[in-house]
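Labels for the chains are A, B and C, by order of writing; each one numbers its residues from 1.
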Amino acid sequence: MRLKRNLLILLLLLCVAVILGLLKGAVNIPAANLLLKDNQAIFNLRLLRIIAGVLVGSGLAVSGIALQAILRNSLAEPYLLGTSSGAGLAAVSAVILGASRIYMPLAAFLGAALSIIIVYNLARERGAIADKSLILSGVIISVAFSSLIVFLVSLFGNEAMHEMNWWLWGSLQIYDYKLLLLVAFPVILGVCVIYLFAQDLNAISMGEEEAIHLGIDTQNIKKILIFITALITASLICICGIIGFVGLIVPHMMRLIVGPNHKILIPTTCLAASVFIILCDLLSRTLFAPVEIPIGVITAIIGAPVFIILLKKGKRIS
Amino acid sequence: MNKIIFISIFICLFFYYAAAAEPRYISLAPSTTEILFALGLDNEIAGVSTYCNYPEQAKNKTKVGSFSSPSIEKIISLSPDYIFCTGLEQAPVIAQLRQLNIKVYVADPVSVEELFNTIEEIGQITHKIKEASLLIEKMKSEIEEVSSKVKLIPQEERVKVFIEIWHEPLMTAAKGSVVDELVNLAGGVNIAHDLIRPYCNFSAEKVISLNPQCIILAYMDSQAPLKLVQQRFGWNKIDAVKNGRVFNDIDPDTLLRPGPRITRGLIETYKRLYPGK
Amino acid sequence: MSALLKINNLSGGYYKEDVIRGLSLDVNQGDFLGVIGPNGSGKTTLLRLVTRVLPVKGGEILYKDRNIARMNLKEFCRKVAFVSQDISTGFSFTVMEMVLMGRIPHLKRLQYETMKDIEIAREKLKLTDTLSLKDKRIDELSAGERQRVVIARALAQEPELLFLDEPTSHLDIGHQVQALDLLKKLNRKNNLTIVMILHDLNLASAYSNRIALLDKGIIFKEGSP
């Protein structure tokens, strides 16, 4: 079956990416020596980054798929509902208030959660969610919070600015592996749940009414999926900051290759996004070693031209 | 009658010229503010930026705005004779001020030598040439005191240092920055010395593999610095962490601000690199 | 012939406005009911209320004497299918994928389509003369082809009751007749009850066994053509 073949190819690519990710880095260690006890710390660091990469890639890409289906809009992406600016605002505020950096992830998570709650309530009309309202509220809150961030940074400069750098461009450098484990739960769970709703996503992506005619409880499913994508996104922002373009580009590309059937799209996108992120992280670590380029910059540099090419190809994108 | 009028006019003119004679300076950068105060200026300083927090008197001065966007209106309203700023982020402001024909002095010292030149030049502008020389002499002798002790330490015993400017993303300082030079003067070896830019992101892997004996955190955090760094995955193998030589109690302003207090930073750094020497 | 669908004193609409006011109508098993009315009379609204897209504000709708509002939605959709007038494209699924979606009411959440489902989909594609298009993407089709595919999807639901909202508006005369003939055949042979909104009274008279005239939210007149 075509699905099995695609999955196998992607799995192979993933193995290659993982191996490359372990072998290469800022410090040059020949492959034979990589597993020596002396190099264990560096090996573990790289492994941690790869695990984070898989989580980030799958989490953001599948969240992107879910939002694109719910909003029937190919330009939707995980940060659309204001989670990114909410997290950034909370992080900057925490820095300014002098909180220790161990509270950063918590602050970011709360910030993201707060913005999704605001956006959701703004978009609600008599208990139903209108797609356009959701997008509009998301954009408004994003802009409002981003402006607040700029305001705070302009007043309190230095440290706030450093913190912003991290949030804006993200990093797979995980210091706290316990936090990574903690975050892995909601992300993996969330991705699996979205996959469970593949059938519903197929129907909803055709139209709200069409979906109802096929027996899909669209309102409740939309609420559940919005909550889950927010959970995934907020959890990932906690540990990795904001990494753009993954949630937008990879779903697009995979839709062109395997089609819009979510039962196939979701698992293949998980694998493809993981490969993409791991390779981007590799570039960020090795291009100007030992200087590390933030991963968000790499995804943007690769993502932007790819996006333009996709737009020009036009035909298969709605 | 005429005499009274004549004397009144004379007194008014006297006060006018007296007021006008006292120069008015504005400093837009914390480092230059510290230099101005160190030269003995105080009343002449009409305005500072919101970040200027040292010495104590600086906090009471009129604020003309933040570091990167000072209020031109406010500056003009204070009728300054000279404005002192730094070159980097303040470039657009400088251009604006020059267009208004206000005298601007740009200070951007990236080395100790350049800092001395800056102090000398500021001394000339503010007519505090003697005070400037004295300050430079004092700083040079403080540096010399440390240097002479450092000369006694053989190369093999020089301490490898990692200067952590920020934690996430991990940032360090390299050659071309004042703090790198300070560490060098204090007898330390900056493991990130040879980077392409004075301040840039750094790879955690590299820190682990270069194994510094001492880590200096150039920022404030309420958590104990050792604990902060110890908790990082993979960092507990670094010598500095194993031996508890992670410090965040050197005032970052004495390391990062190119001003009169760098000697303080230098001495504190030396004390931590070579305790008891 | 028993009443398959009973609409009693139905009221409903959008927000504060009740477009349908106190409408009552019985649809009998085996009917081919044509619903005619001027623009704004609430035809589409009526269908939206019956297919549970809009909430019922007053009155009730009973399917085989069960209140549809209390039925499980998927169960309801196994009995009732709907072909809408609006055939805007979402993402570009293939024709086969679209028609297979008609099987969703019969599938559990994680269940993949079986051979039987695929067979049913193929059969319906054949009925609507769209089998040759099955691997094409729907945005590559003409409006008429798309409309026939949508009808095929509704048929794939294997409903007992089929609602159609101006299903022939995008079709040329040849395909119009073909589609209506097909529906008539299904109505007679498979006892498929059909309720169809039409503009054209002649067309309605030719195919329906009953006609209801809808105006200002109520049934104005009904009976045989």
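Throughout what follows, contacts are C-beta pairs under 8 Å (C-beta built on N, C-alpha and C of every residue); 3 or more make two chains touch, one makes a residue touch a chain.
Here the structure is a predicted model, which means the values were calculated and not measured.
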Between A-C and A-B, the pair joined by more C-beta contacts: A-B
Per-chain Cα centre nearest the global Cα centre, belonging to chain: A
Centre-of-Cα separation between chain C and chain B, whole angstrom: 77
Rounded Å distance between chain A and chain C, as computed from the means of their C-alpha atoms: 40
Touching residues on chain B, where the partner in the complex is chain A: 50-51, 66-69, 166-171, 192, 195-197, 200-206, 208-209, 219-223, 228, 231-235, 237
Complex contacts: residues of chain A adjacent to chain C: 69, 72, 74, 196-197, 199-200, 202-203, 205-207, 209-210, 212-217, 255, 259-261, 263, 315-316, 318
Chain A partner contacts - residues on chain C that touch it in the complex: 48, 51-53, 73-78, 81-82, 84, 86, 88-94, 97-98, 101-102, 104-105, 107, 109-110, 112, 137, 139, 154, 157
Partner chain B, residues of chain A touching it in the complex: 25-27, 41-42, 44-46, 48, 98-102, 104, 154-155, 157-159, 162-163, 165-166, 169, 171, 173-177, 241, 285, 288-294
